[in-house]
Amino acid sequence: MSNMNMVQALNSTLDMKMSKDDSIILLGEDIGKDGGVFRVTDGLQAKFGPERVIDTPLVELGIVGMAIGMAVYGMKPVPEIQFQDFIYTAMDQIINQMAKIRYRTGGKITVPLVLRTPYGGGIRGGLYHSQSGESYFVHTAGLTVVTPSNPYDARGLLSASLELGDPVIFLEPKRLYRAQKMEVPDNDYKVEIGKANLVHQGDSVTIVTYGSMVPTVASAVEKNGVDADVLDLRTLSPVDIDAISASVKKTGRVVIVHEAPRTLGMGAELSAMISERMIEYLYAPILRVTGPDTPFPYRLEEYYLPNEKRIMAAVNRVLEFR
Amino acid sequence: MTEIVNEQMEKEKHIRGLGAMILSRTLDKKIITAQRQGRVGFYTPTMGQEAAQVGLSMALDKDDLIYEYYRDVPMMLHRGVPIEIILNQVFGNRDDLAKGRQMPSHLVARDYNFMSVPSPVATNLPLAVGTAYAKVYRKEKGIVVASFGDGSTSTPDFHAAMNMAAVFNLPILFFCENNGWAISTPVEKQTKTEIWKKADAYGMVGMKADGNNLVEMYKTAQQAVEHVRSGKGPVLLEARCYRMGPHSTSDDPTKYQTDIVLDGSEKDPIVVSQNALKAIGLVNDQLIEKVRAESQRIVNEKFDQQEKIPPPDPETIFQDVYAKETWILREEREEIL
Amino acid sequence: MSNMNMVQALNSTLDMKMSKDDSIILLGEDIGKDGGVFRVTDGLQAKFGPERVIDTPLVELGIVGMAIGMAVYGMKPVPEIQFQDFIYTAMDQIINQMAKIRYRTGGKITVPLVLRTPYGGGIRGGLYHSQSGESYFVHTAGLTVVTPSNPYDARGLLSASLELGDPVIFLEPKRLYRAQKMEVPDNDYKVEIGKANLVHQGDSVTIVTYGSMVPTVASAVEKNGVDADVLDLRTLSPVDIDAISASVKKTGRVVIVHEAPRTLGMGAELSAMISERMIEYLYAPILRVTGPDTPFPYRLEEYYLPNEKRIMAAVNRVLEFR
Amino acid sequence: MTEIVNEQMEKEKHIRGLGAMILSRTLDKKIITAQRQGRVGFYTPTMGQEAAQVGLSMALDKDDLIYEYYRDVPMMLHRGVPIEIILNQVFGNRDDLAKGRQMPSHLVARDYNFMSVPSPVATNLPLAVGTAYAKVYRKEKGIVVASFGDGSTSTPDFHAAMNMAAVFNLPILFFCENNGWAISTPVEKQTKTEIWKKADAYGMVGMKADGNNLVEMYKTAQQAVEHVRSGKGPVLLEARCYRMGPHSTSDDPTKYQTDIVLDGSEKDPIVVSQNALKAIGLVNDQLIEKVRAESQRIVNEKFDQQEKIPPPDPETIFQDVYAKETWILREEREEIL
């Protein structure tokens, strides 16, 4: 066991996995000498050499494309996109190559890789350093989408992602990078992909959330003594429908919380899944507490991010709904 | 010239090369005709690019990996991809390696070191760079070839791949088959330089080849391949050739093109290459006639045979999205089938 | 009035608008001499000259970026992306520039343009010539997303889009390009953006659909004598919530039909909107009939596309639900 | 040299240029210090690039349009953008033209013909091509400038813009401020050629300038601008300069960089430019001291003044997404505020 934050958890996992498996290669902008702008890859180039921890030119589509080209040839590359906001220049590589190669080759060629990228707001990044673009990936068949909300999960999910054999979009909530330290096992444990985590238990309402919103929701629930199931999805695609169903059938009331904009945010799919398979269990509307459908602001970002007040307003509305 | 004639191996190589060109042309014409008859859904003819592709292919080894593009059937045939694999893909039938999922002309032949084809042009190029990197990392021999058309040089992926290949000094050959057109756009409107010169901007070697003449093409390709193989870094090789057919069976080139090179005319690379080989005494009309007849027989036979194979099982739609079927796909499969 | 198909409707609208307003410029691959691979711009270069109907090099991000650069300078460009499947190479320009320039400049700079692109399956296009990517755009704040389902709407929506003053993603269901001819007025009428069209009226169930699925749904409803409201959304962002609400409150039963994959397809947002604001009116689960979460197949595409059988199965399930 | 000295206008131009450089440097240092004190959220210093920018700016006309990048404060000051506009953006306060929405260093000054800054690097370049096209279409005079760093040349947008500008022969100046670094990546690892030579690959003229010396920079910039203005086509102008500060206030260059150019050292472009102007008798220490003191006074005064302006109204978050507020935004606004 070691006491670490999420950055340290990710860093030590990469270190451990690279020591065991030399098909793992890291590549990205400023990940080598500089150790990444958030320091997730700090020290790894010094340890594993510049051939395995590659500082690339400034071209996201090249980083992603190269990584795919390594993966189809039997390596396990871990490309980093410096901010998720910049990933769109590589979107064609992600949607039309990464996600579709297994399919278009009848399974003859596969793409085992883990694309890491920090996402979300709360660090005064404004329009272009704060985006939560998970919907773009969740909507894309062929991708697996994962996001941890604490150091333990970060380590376990990253380890599991590296063994999956399919492309994983690994979204790191940058606001939580250093938000919390916790005891994390030193061994190579996995957090299963596709399984949610019940972080708080209760009978009156189900709150589904993930990533950066998990601590916010958990503290709102605790502070206000809400009798809630709080589900941390951990995997956004494919989601853990069993965990959701079990909770919703018990509580009959649902609130979904995420930072991404509401329209076609993750909450839309969760809400649709619930209302198409268990509407008869519901006592109240399925509410979403999300970022608004605007670009991400700089100076006023605290208004953008879902907060305790908004979460409690929604929770109270579904609890009081008759 | 004399060294070639003297060496039996080189002699056979050229004859095999011409044979692949003729087989490919025969297959091309068969598929185009079949498409007009409604027996095939779509096709991108390869006529006019045979010498360029086969000339390069002759300079490659078995271990070399190719990120091919949709017009590379001649190269595939030359490297020994069975005609059945090609036809199964064209029909999208049950035996198609990709289970009938892609349009014709998007082949899969991993066992022959071809890496499969996405439709968005040039998007394989960054992958080729990654694969070349992996080969070097693993200390493997063999080079990587990435082929594409003249229009593809305008894409983001071309730029990314060229720059990264040069920065990492990788064993990769960028093979531009310049047929003069990107659908209706002539290369003069695509870019204001000669394509092979674009290599300079990346600190890479650029070469130009006569892609219309098998003998000349092979010579230049050998130099390019040799440079890459020896670790001196990537090369951009531009082969000048023609697009003798329409862009695809959906295209009507008469709307924009007046100077279409006709089958069997003096600019036809098969005619040019035959003449070159005849001039050095490697082939004669009799041999060519034999190859032609044999090609026609094989193509007709295989075409009828593969055409009969039924379509894939509808279940296949739901396979190979992930290594394991997700609950979502299971649910969707059960609803739909 | 003239009798025309959707291609002719679009072509004649561009012709009419360009004749009146010389700030309208078209640009794209093969749109000039060749008239576009689907012939939507046929004859326009001959009429308006190569400076106004521009054949570009093969680079979608350049086409979109140039169009934005024209729009911010007071022009009204109409870029064409040859197939929607290829738009992802321009995705950063769309998400980070087109959609955000008004916001990041405090309204000082605006982007009046109409990006046209054919989308959807049914023409044996396989993985890369059949995609329905509307979700990527609907999720992006700042974009308006429009799709016609018939020649009349095509003309009226295109005309309205050209006057909107904001960037419009104009999705043309290529399967319907030549599927239907109808009488279309010759004048410059508009179909209002943001308003749905009730194409069939009934009291028992609401079927929400758009684009290529409208004829399929309409014929299923008619053939089977279903007592259904069929709403053709016409605009996907912002959707016409009033029309949806009015119908759903009347019928209490909802089926959503689209061709795009289910997960985070348009149906997810529609379902979530309905269940968060009128769950108490619902008698049945909200069902979605959509393409599956796979890439688009070639030979077996008829299994991919929603058809009468699947639509009726869903309709009957919600009608029979107790 | 003598022509310059002889012409009163040119003389004043140079003095004004140096003044803008000094004002910019003063502002830069003020903001960096304030950032360390927690009074400013973030900043990308511009120290070391003043001569390159101002030298170009001196060669431009009022009508010319600039697609600037995040380090172009010196150029903005030289073109007359009020220091208040810059500081309001840095604070993201109520008077910020962009309503406090973007990180500092992403300025809006449309009234001064600056076109605003996205963070994804080089993505303004294709826009610049479109604007240049529109200017030609409308038969307007004036050229378009698009500025960017050395790292930006690796991006897809650079390639797309360069190729299209050349194909359409547009009046656009691609201005690369090569400060040697892209965050921690030295230009030698970014690409294997000199940047100005990349012009060849597009059939465009490339030029290299000493971006560290105002007098030299201005001369080369004049040639480049003259070429573009006369309709001879686009130019890629590379100005060699230094990044004297860290990449941004979040960056720690000591992790990767050893040879940082210090403020006031002999490679500092202000020192170099002062010396050059002194050598031709245009300025003296007294004048420089006066400009310095005056700059400091203005910067201190404006800084304190603009810092006091309160943040924007929360309602602004929901504005300017569309021309008209949608029902969705109204609903969200009502829920949140």
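Note that the chains take the letters A, B, C and D in the order they are written out, and that residue 1 is the start of every chain.
Keep in mind that, in the parts below, a contact is a pair of C-beta atoms (placed from the backbone, for glycine too) under 8 Å apart; a residue touches a chain by one contact, two chains touch by 3 or more.
Since this is a predicted model, take the numbers as computed values, not measurements.
*Asks:* Compare the CA centroid of chain C with every other chain's and tell me the farthest one.
*Replies:* Computed centres place D farthest from chain C.
*Asks:* Averaging only over C-alpha atoms, locate the centres of chain B and chain C and give their separation in whole Å.
*Replies:* The separation of the two C-alpha centroids amounts to 36 Å.
*Asks:* Using CA atom averages as chain centres, what separation in Å is found between chain A and chain B?
*Replies:* Between these chains, centre-to-centre, one finds 40 Å.
*Asks:* Nearest whole angstrom, what separates the Cα centre of chain B from the Cα centre of chain D?
*Replies:* 46
*Asks:* When you check chain B against every other chain, which residues touch at least two of them?
*Replies:* Each of 96, 101-102, 106, 118-120, 123, 154, 156-157, 159-160, 163, 167, 189-191, 321, 326, 328 in chain B touches at least two other chains.
*Asks:* Residue numbers in chain A touching 2 or more other chains?
*Replies:* Within chain A, residues 57, 59, 61-62, 85-86, 88-89, 92, 96, 100, 103-104, 127-128, 141-142, 263, 292-295 contact more than one other chain.
*Asks:* How is the touch graph of the chains shaped: line, ring, star, complete or other?
*Replies:* Topology of touching chains reads as complete, every chain touching all others.
*Asks:* Would you pull the chain C residues touching chain B in the complex into a rising list?
*Replies:* Residues 29-30, 32-35, 37, 55, 57-59, 61-62, 85-86, 88-89, 124-129, 262-263, 292-295, 297-300, 303-304, 310, 313 of chain C touch chain B in their complex.
*Asks:* Touching chain A in the complex: which residues of chain B?
*Replies:* 65, 96-99, 101-102, 106, 108, 110, 115-116, 118-120, 123-135, 137, 156-157, 159-161, 163-164, 167, 319-323, 326-328
*Asks:* Which stretch or stretches of chain A touch chain B in the complex?
*Replies:* 25, 51-52, 56-57, 59, 61-62, 64-75, 77, 89, 92-93, 96-97, 100-110, 141-142, 144, 164-166, 194, 238, 241
*Asks:* Under the stated contact criterion, what part of chain A meets chain C in this complex?
*Replies:* Counting only chain A, the residues touching chain C are 85-86, 88-89, 91-92, 94-96, 99-100, 103-104, 127-128, 135-136, 138-139, 141-142, 237, 261, 263-269, 271-272, 274-277, 279-280, 282, 284-288, 292-295.
*Asks:* Mind pulling up the chain D residues that touch chain A in the complex?
*Replies:* 41-42, 91-93, 96, 100-103, 106, 118-121, 123, 151-152, 154-157, 182-185, 189-191, 250-251, 255-256, 311-312, 314, 316-318, 321, 326, 328-329, 332-333, 335-337
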